[in-house]
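To keep things clear, I will list the structure first and then write my remarks on it.
Chain IDs A, B and C follow the sequence of writing; residue 1 opens each chain.
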């Protein structure tokens, strides 16, 4: 029995609520909770509260924190447990409280809490994908092995900062040397040297439903990145001198060719199965696979997110093409899907099935 | 009287159903049928069935085929006729059974079946557009006439494979010679040498409604193509050495400036009128014009699809801005629009008007 | 008391109607009026009428004009006042009748009519943004000050025509000299020399509600521009010889990272406050800020539109993610939002609050 399962045993299922840290995709999760008629609790750092104050109708209670660290305190946890709260984690959570404390949070979590640790380790992430039989870009153990275009990724880098491209062993070595000199990294051997897959990026949004015993493909998106998506607007003579950066500033909705869907769904299902095998806990709730689609229609998954991705924001409130395949013309988005599962689990006395 | 009109005379209009081959845009057509309360029949090749098995609630019956060729067999056709099925064709159909058999399918088809033959011949397609008075890119009869940037298209090429750009007679000739050497084509004179129109691509989705006596503009999209839409993310020094390819992997929603809409609608209406003049059968159901919009707001149509295009998938289940101009806040997408017309035709005893 | 406030005193609030010039975003405004159950009046120049005739159910009355100049005539104004019409202005209005006449239109306007004059003067526009404390691109008083990549904008240029890039004083001077020679401008000193902000474009849609005492962020979009968004599809060797142009032909939906939203909302609120301070009249109804988002997540606003922008068309009929944060799963788009405010103001006897 997981920590979360033990904790929900004491819950009053008729008064279950949803708690979410205020950032990343909190708005759509709050909107989902209210749409499903659930009580919504916002946890928010004081300086970020003004955004949510513009939408006071989206939550029943705001717990204002002086620092994100408080999120992991027993004071907050016990208060939330008294409110029968299920915590919905997103990329912000682990960033705010760290893997260790996130893992031991004394709250039922709608997600697999053992995945936090794997997600924090770029090498472990790639191994998980490989164990799932999901095709990934080729990895080069050493700069000397490089024989084509590669992308060099830094462990723990945020939003693509410091990533660079190279096409020769010397190019990789020089790039790493520069990052060491600049103090960006200290151990160049920790960098991941990955085949640069030529194709187009596509991000897939999944929801692992315990109640419906299925993985639902709920959407897809493309990231809108600064400055790379702006450089293409410059004539080559100006763009040449600018190094592209890949900082996500937004997302665009996307649908895939129908003939790619089976592959995309199967990869999502394999991922869920493998997470369960590796962690001994079921995959629960939202996650994402992040890929390049080549021009031979092969997909290479270079990254995953074990929780809700911000790309799902594109479907907030209005629903997505893929969600309609399960939910018809009822507008369904990830935040509402989460709330739907929690509400139905509470109604069926199955809260223990949808938390860890 | 067309073949389809003869066949529907024996139909029980109260039990009309929709049949669709399982690929391309089948999911949105099935969803449309279920949303409109019609019986939906999926025709699917064994290896593709697993995708549709994820959505068992979207069809009432699945006919699993060992090969697509069976689609055109009398065994299948008679079974479908017993179920009062109207077949909704998409780009997959002709690909699977060939023009000749598609044309003679012993089933009522929601579309103009004489258009199959025209669509299979790139030269005939361009002629049809020209007869309709729809502006198309300039065509060069011979490589020697080339005096600017051109795109060379191969007859029957799928998804843009083998297409190439050139800007001189020598460039065109060399490109064709290479393709002959590679065995991609045998007769270079069949290649179409077309002005490369500088501008942006835009694809328009139309629906020719016999019941409402109008052509509806239901949406627009942009194709998301591998690898060309990924190359722009590479610095020029890396992108230079890669040849762009144009394989469609997905679609993005698009709206056009309102001042372009009249032109777009008129081209759609002219297309429908000309199809009727040329084939002697009305244009029925969905089709698409594929264009480049220049910076003087002139539109050049370089291609059409006489049936539903996959770009309409972007509006599946959620509706589109342009559809709302006819259907208000009721979510309307191409697959549902088709089912709406078939349902209303059945109710009004007008099935013969919406099939060929 | 403003002109519009005086005029609505004579209105029969139970019979209020919405009038809109037929272009730009008229369709979504008409659809909004009909969805809210308001009477809709279309004002349309004879040659543009055919577009709207495709959607006869979207308006109750069409006033066909021989020239846009008639829009500002007392004949039309008195007719509209008899119909208790509130005029919804868009970018077309000022273009058609000129600033002076737009300002003095004898009709209640849903918007701030003193903003017309500011919008017509590129320098005044930038000053307004600066007064609001909204970060803008650096401006260079003279070509000689240029020390990096700049974009040179011409006063009154439509849709980006004639804009050019340069990175040296000589480049700017040469570009201006060429435009003078070509007769595009006569006084090069009126050109605006602006830092070219490296990042990605993003356009935000706001609605200043007097009834709800708030600024609502209702959406965001990206412009789809010919030919610049097509050039990226060309290999560099072909693209190099083509000068990019920036003519808007369509729009794409966009969502922003949640951590950017507070800044985006605050800029919108500051804008509304500053407009009120500067003009002495409240900001009312739709407007837009047009920005570049840098890779350090800083936003630079290079332009605004004091009225509805065409980018809001992407959410017509279907609703937008950001609108759902106020309006839940009820599809809400700018045109409907306008009609909602006018309808509710009429019901509450507050028409004077939502016009100038």
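Please note the rule applied: a contact is a pair of C-beta atoms (placed from the backbone, for glycine too) under 8 Å apart; a residue touches a chain by one contact, two chains touch by 3 or more.
These numbers come from a predicted model, not from an experiment.
Different-residue interface: subunit A and subunit C share under half of the residue numbers found at their contact. Fitting subunit A to subunit B on C-alpha positions gives a rotation angle of 120 degrees, to the nearest 5. Once the centre of each chain is set as its mean CA position, subunit A and subunit C turn out to be 35 Å apart. Among the residues of subunit C, those in touch with two or more other chains are 229, 231-232, 236, 252-253, 318, 331. Of all the residues in subunit B, the ones that touch subunit A in their complex are 23-28, 31, 34-35, 48, 50-51, 54-55, 58, 224-227, 229-238, 242, 245, 247-253, 310, 313-318, 331. If you check the complex, the residues on subunit C that touch subunit A are 149, 165, 167, 198-202, 214, 220, 222, 228-229, 231-232, 236, 239-240, 243-244, 252-262, 265-266, 292-297, 318-326, 328-329, 331.
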